[in-house]
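What follows is subunit A paired twice: with subunit B in the first complex and subunit C in the second.
And then the complex of A and B:
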C-alpha cells in the first residue's frame, strides 16, 4: 500500500520539474512505458525483440515461474535489460524500459535444466545470445497494460501466463558462452569467472546462471533472478579479492565521492590489508524506510579472512564489493575499504542492486576528491559531505572505529622506543 | 629435519587458534628447535609459537630451514589427531612437509611447503605492570561469557584488592566478572600499578582462547593502555604466546 501521494494540482504546474521532491517524475515514466505498451493492449500475441531478457521467480521454489521478456518493439532492444548502460540514462527512461518489458511465464521445476525441457531450450536460445532475439509470445490472456505504480514494489512490466513461445530470428551465441554451456564438467563458479574474464557483462552472466546453463551437468538448475544476481556479484568479487591480497598496500588514504539522484556515495581506501565495509543510511520516505522520522542505518563488514554468513544488509553488499574489488584489481593494490551510501527521501524506488554496482563503478572511474595521509581530514570530509554526520557514521562503522581506536602491535616493537 | 612431539592434540588445538589469526605461517627450524612468529593481517595480534628442542621427543637437525604452511590445510590435517597419537613432522624432498600421526597405525599426510618470504618479525618491548597466572579454562570462560555482550573486553587489575575485573558494556547490557586468588579463579597475582586498565577486542581474545584446551598454564600480562600478552605453557615445555594491541578511545 502506498502512503505517499502527490497532489495532482502540483503536477499540473510542475510538469516534470521535480517539485514533488522525487528524483524522477512518476507521470513521465508511466507515460513513456504506456506509450510503448499501447500496441499490445487487448492482444494475446506479442512480437518483439528480447534484449535478451528472462525472469526466474523465487516464489514457490523449487517450482518457479520462468519466462522470456520482450518489449513490443523490434530491433536493437539491448538497452531494455542492460544495467551496465543505464547509469547514463534518466530515471524516467530506465523505468520506461523496465515497465514496457512484457514477461510471459510458466511454472517449471528448478531441476528442468538437467532433465531436458523443450520450453527451457527455447529460453536458452534467447538468453544465451549476445544480441536481441526476435520472439513471438502467445499468452494465455492479454497482459493488462496498466502499470501498477507502487512505491514499495519493484518496477515491473506486465506479466501473463505463457501459452507458447516462438523464436523467430537466429540467436548469436558468443564463443565463451557456448563453451561453458556445453562443458558439463565445469563448475558453475569457474564458468562465471571464465565469462567475466572474457568480458561478458555481469548482468548477462547473471541471466545465464539463472537459467541453469552452467555448472556440472548433474547440478544444473534454475536460480531465481534475485539470488543469481548476488551469487554472481559474490563469486566474481571473491575471485578478485583473492588476487588483490597478493598486491601491495596503497600508500595514501584516498576518498571518492559521487552524488546521483538523491543518493550520496563515499568510498574511503585506507592503507592496510584487504577488509571491507558497506553501510547505508535510509532517510524517512526513501525506499526501504517507512518510518516517518528516523534515519535507518545498516552496516556490514568483512575482515581479511572474508565472511561466513550472509550480510544482513543484503545483496547490495556484494554488488558494491564487486565494484570496489574491480578497482583495486585495476590499480594492483590492496586496501581497507569503507563504502557508504546515504539515500534521501526523494529516492523511493526499489530499483535493484545494479544501481549500487554501477554507481560505484562510475564513482571509481572518477578522480579521488581527497588524497591524504591524515585520517582526520577524512573524518572532516565525511562530516562536511554527509547529512548523517561523522559521529553517527563512526558509531555504526566497525572499520572506522578500528582505524580510529585500535592500536597496531607494531607500535610496540623494541626498536621504536629509541 | 625431523621432529617428534608427544601429544598430537597439543598441535591440533594450538594450530587451530593460530589458524584463526593468520593464513600462512613460516616455521623456522634452527639448532634450537622450532619457532614461528607472525602478525595478523590487521596488525593487531602477534603470535609466537616456540618449541625448544627440549620439548621434543626427537629432533634431527640438519640445517636452518623455513617451512611455509597454509594454515587452513594444516589445521584440516591436524583435526585428525586422536588421543594418544604422537606427531611427527618431517621435511621431505621437493619442498614438502610430511605430517605423521603415530598411534593406531601410522598415518601420513603430505602438504607442499609454500614459498614464503619469511618476514623478520620484530621483538616487542612492552612495559607490563601486571602478571596474572590462571588456569587456561578460566580465561576461555571469561571470554565466552562476555562475548555476547560487547565487541570489547575491559580488564582492570586492582593491586590492593589483588583482583582482576573483566568488563563488557554495550547499549543493551553490562557484565562484570571478578577473578581473584581468594575466589579460586586465579593462581597468582602480581601488580606494580595501583589500577591497570586496558581494553581489547573480543574477537581476537575469543580466537586465542580456543588454544586453552592444549595448555597447562596461562600467564596474562598487561598494563594501562598497552598490549596484553597471553602466554600459554604447553605440555612438555613448549610455549604459545599472543600479543594483542589495545583499543584506545
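And then the complex of A and C:
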C-alpha cells in the first residue's frame, strides 16, 4: 500500500471524512484489517470459519496455486466472500473483510480433479458448503501481511504456503450442488445454469467452477478464479439472452441511473431487437488511468447475433451483461441496451468485476429515471448527468450512433413488417 | 411435395452463410416460377432478396407453392462440409424439409418445417441516380480496405466518368474507378451523388463475391444502396439503408 500520496497532515484533520478525495479511507480500511489480523501474524496456525472461500491462481498454468481462505474468526463469516451482499456496505468494510482473509495455498496440477487428490477433497468439503465451515490451516511460515488488488477478483488478503488443512466442522452441501458435483455426465455449462436456476448465488457458482467440481468427468479441471468469474457471467447471460430473444420488444425508451462511490452508471433501454454495448470512461487518477490529464474511454458491443471474440474491455463486459440480461428476463422483454460507466479520480482501487455486476443489479432494481419515446430527451439526460458529455459518448458508442444515424430500410421502401 | 436439386452445393453454402449473418430463420418460398427468399435483418437496416429461376436447377418439380422454413445456423452447419461438385437436393412438404447432399456418398438430413413469418415487402420502387457495373473483386477490395481504417464506406460519383469508394475513419482509403477500365464496365450518372453506408452490413455480403463475377451497384445521395449480384442464373439483391453521419 505504498502508492498513497496523501499529505499526512490532511489525514490528521480529516479523520475519515474523505477530504483526500478517495471514495474510501485507506487508513481506516488498513486499520480494520490489521486489527483482525493481529491475532494471526507471527503464527503458523490459523483457526477460523471459511465463508467458504477459495482462490485458484493463474500464474504458472497448468500448475497453479490453490487454497482455502479463512479469516481468524469463527461464526457466520459468509459476508467475507459474498459480493452479492457487499453493495450495501462501506468500501472500508469490504476491504477490511477481504484483507483479513488468510489464504493457505499449494501448487497443484489443474488436472487434479480428474485424478483425485486428497488435498483437493478437503477443499471440496469446504467450498461446496453453503454455510461457513470451520477449518484449521497449518501454514509453512507465518503469513506475510501483503494485500493484493486485481481488476477481476475481489481484493485478496495475506497468503502463505499451506502445510496442512483440517476441516473441523461438518459442511452443509445444498442438494443442487451435490447433484452437479456427483453427475459426471453433465456439461459444465449446463451445470452452471442448473445451479443458477436453483438460486445459488453467482459468486458461489464461480467458486464451484474454479475448483473443477462440475462438468464431464474427463474434462474436470481447476479454473483460475479470474477466468471462472468471466466464464460464469458469460455462460449465464448467454442462456438468458437466448430466452430474451423470444420476447417482445419494449415499447418506450427507459433510462436508469445510479451514483455510487465516485462511479456513475447509466443504462439505456431502447426499443428494438437485443443488442448490447458496455462503455467505461476512466478519469485521470482512477484505477486504470495513469495519465495525468486525459479521460480514457473504452467501449465494446454485440449485435443480435452475439460476439465471437473476447471484448477488449474485459470481464466487466460480461458482468454487466449478466445484470442487464437478468433484468430483461425479469420483465420478459427484449431491447437494445447501452450501459455506460464513468469512474472519477477518487476511485482508485481495482476491486473486481463484482462491483459492476452488483451495482447494475442494484440500479435495475430501482425505478427508471426517464421513460420516454423521444430519444432526444435521453441525449439531453446523458449530457446533463455525465461529466464526459453526450458528444464524446456518442462518438465512442456504436449503438448510440446506430440509433441516431442509421435509418431503417423500411422507411425507404414503405413496407410494414408483420 | 416439392423437390428441387441444385447442381452446386457450395453456392448454396455461401448464400446460407450470408443469410445467417442477417437472420436466424429463413423462409424459402418455392413456387413454380422459381425460388424466392426475402429477409430483413434484426435491426432493419438491410434487406436481402434472392431469386433463383427453375432453369438454375437440374431438377425442379414444384406443382404448387410451398414454403420451407429453416434455421440458418442448422443449415450452415450441415453445409460446412460440402465440396465442389456436390449436389444440393431439397424435398419439402408441410411437415418436413429433407436436405440431401449428394457426392460420392449421399447424406440425408431431415428438419421440421418451421413456421417462419415471411415479411411482406413490396417490390422496392426506388429510383437511383447512379448505376455502375463492376467486377465483384473491386467491391470486395474496397470493403476490405475500408475495414482497415474505420466502419464507414463512402461512395461518390462526382461525374459521368469516375466512381470513388472511400473507407472513412481515423484515416481515409480511396478506390478510384474510371469508366471504361476493366473493373468498371459501365457507369450511368443522372445526377452527381455521394452517400455513406455502414461497413458492418457490407461485410456480411462480402462472401457473395466468391460466387458472383459481376455486380451492379445503384445508389443516390443519402438514399439506400442496392447491390445486385448475378449468379449465372438467378440473382441476389441487397438493399442497405444509408448511414446519416
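One rule holds in what follows: the second predicted complex is superposed on the first by the 397 of 418 C-alpha atoms of A that agree within 3 Å, B and C clash if a C-alpha of one lies under 4 Å from a C-alpha of the other, contacts with A are read in each partner's own complex, and residues count from 1 in each chain.
Everything that follows uses one rule, which is that a residue touches a chain if its C-beta (ideal position, glycine included) is under 8 Å from a C-beta of that chain, and two chains touch if they have at least 3 such contacts.
Every value quoted in this text rests on a predicted model; they were computed, and no experiment measured them.
Once the two complexes are overlaid on the shared chain, A:411 sits against subunit B and subunit C alike.
By the touch criterion defined above, A:272 reaches both subunit B and subunit C.
Shared-chain residue A:59: touches no atom of subunit B or subunit C. Contacts of A:402 after superposition on the shared chain: both subunit B and subunit C are touched. On subunit A, the surface patch touched by subunit B in one complex and by subunit C in the other comprises residues 272-275, 303-305, 398, 402, 405-415, 417. Chain contact summary for the complex, subunit C toward subunit A: residues 21, 40-47, 117-122, 124-126, 151, 198, 200, 223-224, 239-245.
By the touch criterion stated above, subunit A contacts subunit B in their complex at residues 272-275, 303-305, 398, 402, 405-415, 417. Subunit A makes touch with subunit C in their complex at residues 272-275, 303-305, 398, 401-402, 405-418. Residue ranges of subunit B in contact with subunit A, taken from their complex: 23, 39-46, 122-126, 151, 201, 226-227, 243-249.
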